[in-house]
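Notes follow the structure.
Chain naming follows the written order as A, B and C, and within any one chain the residues start at number 1.
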Amino acid sequence: MTVLHAQMALFLKRLFRRRLVLLAALILSVLVISALLAHWVAPFDPSVMKLVRRLKPPSDVNWLGTDEFGRDILSRIIFGARASLGIGFLVVIFSMGIGTVLGLLAGYIKTLDAPIMRLADAMMALPDILLAIFLMAVLGPSAGNVVLALSIVYAPRVVRVVRASTLVVSALPFVEAARALGVSTFRILRVHILLNIASPILVQATFIFAYAVLAEAGLSFLGAGVPPEVPTWGTMIAAGQQYADDAFWVVLFPGLAIVMAALSLQLIGDGLRDMLDPKLRKAL
Amino acid sequence: MWDFFWRRLTGLIVVMALVATLVFFLTRLAPGDPAALMLGDQASAADIAALRAVYGLDQPLLVQFGLWLKEILKGNLGQSIFLQRPVTQALLERAEPTFFLALFSVLIAALIGIPAGIVSAVWRGRLVDQIVSALAMLSANIPSFWLGLLFIQFFAVKWHLFPVAGYGDPGAPLLERLRHLVLPATVLGLVNSALITRFTRASMLDILSEDFIRTARSKGLAEGVVVWRHAFGNALIPVITVVGLTAALLVGGAIVTETVFGLPGIGNLVVSAVLRRDYPVIQGALIVVAAIYVLINLAVDLIYAWVDPRVRAQ
Amino acid sequence: MGGISDQSAFKQDAPLLAVDTLSVSFRQEDGVSTPVRDVSLTLHQGETLALVGESGSGKSVTSLAIMGLLPRPAGFISSGKIRFQTRAKQTVDLARLSFDGMRQLRGREMAMIFQEPMTSLNPVLTIGEQIAETVRLHLGLSGRALQTHVKAQLDLVEIPDAARRMDDYPHQMSGGMRQRVMIALAMACQPSLLIADEPTTALDVTIQAQILLLIDRLRRETGMAVLFITHNLGVVAEIADRVTVMYAGQVVETAQTVPLFRKAAHPYTSALLSCLPARAKADASGLRRLVPITGQPGVFGKACAFAPRCPHAAALCEIHPPELELTDGGAVRCLRWRELA
């Protein structure tokens, strides 16, 4: 058995030991798959309005009830997952992209360290939602702008994590050796350092996914996120607010969907962090 | 200790300068002529031109920035377009609910988080720990506005325990007004307690594995004394940091909660300013919020330095 | 099996501490390990027993087990007895004693000092307060009497300017000073047993001698027993009356110091002794060379743990585990000790 096999076997063994993480991964997979296969999974067409069946509580027909236009809530949640999870995923991609590049530079090139980190500090001096709202005000409401705004908001976190890991790895002998051999900076960063900091980056990615889902919901709820016509979990709650007194399920279920998605992601992130960190192997 | 203070202060000023720069230039990125936006659809070309002159919008961007910065430092945050009054005044009018909301939320978050963190660290791995950690994890992932709606439904509408929304009569006594903050503060406190719980737990675990804890036990001290006096005594320092951090985070969290509960605070002001493109208010609020955040961080650092005898001696 | 009542010519009355076939285990992620197996040793009032062994031999774990300071819930005593004679002239089995029972003894009748003086003191409390804590708890003193007692402890360990230093924090003191504070802490309630786990290893050589002398002086003045854990045979020669040698979690030899240094019974002990620079024999060219112990540390035999590295190992040594046998003044765990003597 090669070293890689042994490592993977240990990883899988730890994964299965953690039933909670497994459960979280399962729940997330269900959400993602139903989002991707929404057309087949959803019992009803989410945009079909049946005014005669408006604001009906959960029943055999509409498992999660209907909203103010008679639309099936379960179907809307499933289709809403596409927007909510999709935005979250794109935010991860972009924030990771920008953040990793800046973090690598900050960690590896001394002269760039201070300016990049000061910029990151300045951005983190503003609360996430506030900065996001501000950016949305500048950019205008659209799903794409939400992705852009949130990517900018979360990029500094990535920069910090990547920079910290880069500093550690850069100090290792094999990097010095590579430099001595005349390997170009770009190659060192891409091949030697990046591969070695993959674990903390991956862990951070899952957390940012969770934050992004929550943030998008908050923004949409405030009306500063995606336009209200776009069905995301956040807009569903915003729209359902006024009917909450009589038909609470309109607000309850989209919220539960958000909680399930964010919670699963966080559990997975925590689990990954434990599993990938060799130092965390402690006695019971 | 003094030059620690000065170093932090200068770092702070640099950060604030950067924030101001970011705020100014990003706002200018918005499409459209700021003067036209400010005056709205009904403005005439002459009015727009006049306003442009007042704000120096014809001058190079850097000059505008300089002028704007000068005004900020004088304490003049500009004039709100929609509210017809200085931004500073608008902010001050709405400071009270936000301030108390943030204060109570921090207290609730700390009152939940610190004991929870200590308990789950001391009984690490046991059922208590798992339950506490699970609850903390759960509360960190609940959208505060959703929880707010839930609370309103049950505690206000169905059971009539607390007012549904708003901040009550401006003329009403303080206590009556504060009653309106119970639900929102609980929501915010709950959601933000998770970070404190996790952090306290982690600090306690670190400290409990230190050598001097073994020494304390070897003296025959009761476990309670070891945990509280020796372990938490040392954990207090990092815990203060995280409580401060939470206070800063709450400034952001308050925004959403104020909207849900209809509280006339700064957060609510910012949201409506954003929706209406009231740029002076947006800019002013951002500067103020960043300043508060940064000052809270400085205060936490100073408390930290004062409490830890190792730093105090320097 | 046993090895409890070795014929110590030192004291004829009952030992203060008698560890009887003690085994300590740890629950870990992948099973249970037993780093201490079948350990027996005795300690009498007023004597210093050195517990010698390399890192990982189980000497620290043994001492923690005696004090009841094994990390919970991972560590536990899997078998054996630890008989201790209390001040009230009762003999209790520390292995079976309740948590509260142990707590009452700790600090009052048995105390321990540790290897790392830099990290063994609470950084946010003054040293005066840390000493006062034990005194308040066990002796019930308070107010002026408490202050006087604490100052007296600091004087006892020769800390200059004790009255002022009482209000110092640990980080304001050097390593040697901190170790003195630890000793003052341990001695504050006049324990009858002091366990010293490599107290001088982390200190400068010059300070080491001072600390050793201090401990020895305190022992003579108070009549307490000292269990001194070390890997340094030089230290053993200085202060120990008797020696117990451990290897791979077991006791391999126990003897009085002088006879042991003259001629050790167990091959491991002999090998350890010949590592001492003073022992190096001159070779053909007249230069004295050090002789390392052959083989790899950490590689243990299935029967006799030392067999892979033993110059006298026979075929039988890999098959039959040696038991602890009584000798003329001690004990040995070796199949061939009689022949090698």
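Criterion: a residue touches a chain if its C-beta (ideal position, glycine included) is under 8 Å from a C-beta of that chain, and two chains touch if they have at least 3 such contacts.
Everything quoted here is computed from the prediction, not taken from an experiment.
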Contact-graph separation of chain B and chain C, given in steps at minimum: 1
Reference chain A; chain at largest CA-centroid distance: C
Inter-centroid spacing, chain C versus chain A (mean Cα positions, whole Å): 54
Whole-Å gap separating chain A and chain B, where each centre is the average of the chain's CA atoms: 23
Sequence positions of chain C contacting 2 or more other chains: 73
Chain A: positions in contact with at least two other chains: 284
Residue numbers of chain B (touch at least two other chains): 125
Chain B - residues contacting chain A, complex: 14-16, 18-19, 22-23, 26-27, 29-31, 125, 137-138, 140-146, 149-150, 152-153, 157, 248-249, 251-253, 255-256, 259, 270-271, 274-275, 277, 282, 285-286, 289-290, 293-294
Chain C to chain B touching residues, read off their complex: 67, 69, 73, 103-108, 111-112, 114, 116, 119-125, 133-134, 137-138, 169, 171-172, 182, 185-186
Residue ranges of chain B in contact with chain C within the complex: 125, 210-212, 214-222, 230, 233-234, 237, 308-310, 313
Chain A to chain B touching residues, read off their complex: 118-119, 121-123, 125-130, 133-140, 210, 214, 217-218, 221-224, 237, 241, 244-245, 248, 251-252, 255, 258-259, 262-263, 266-267, 270, 284
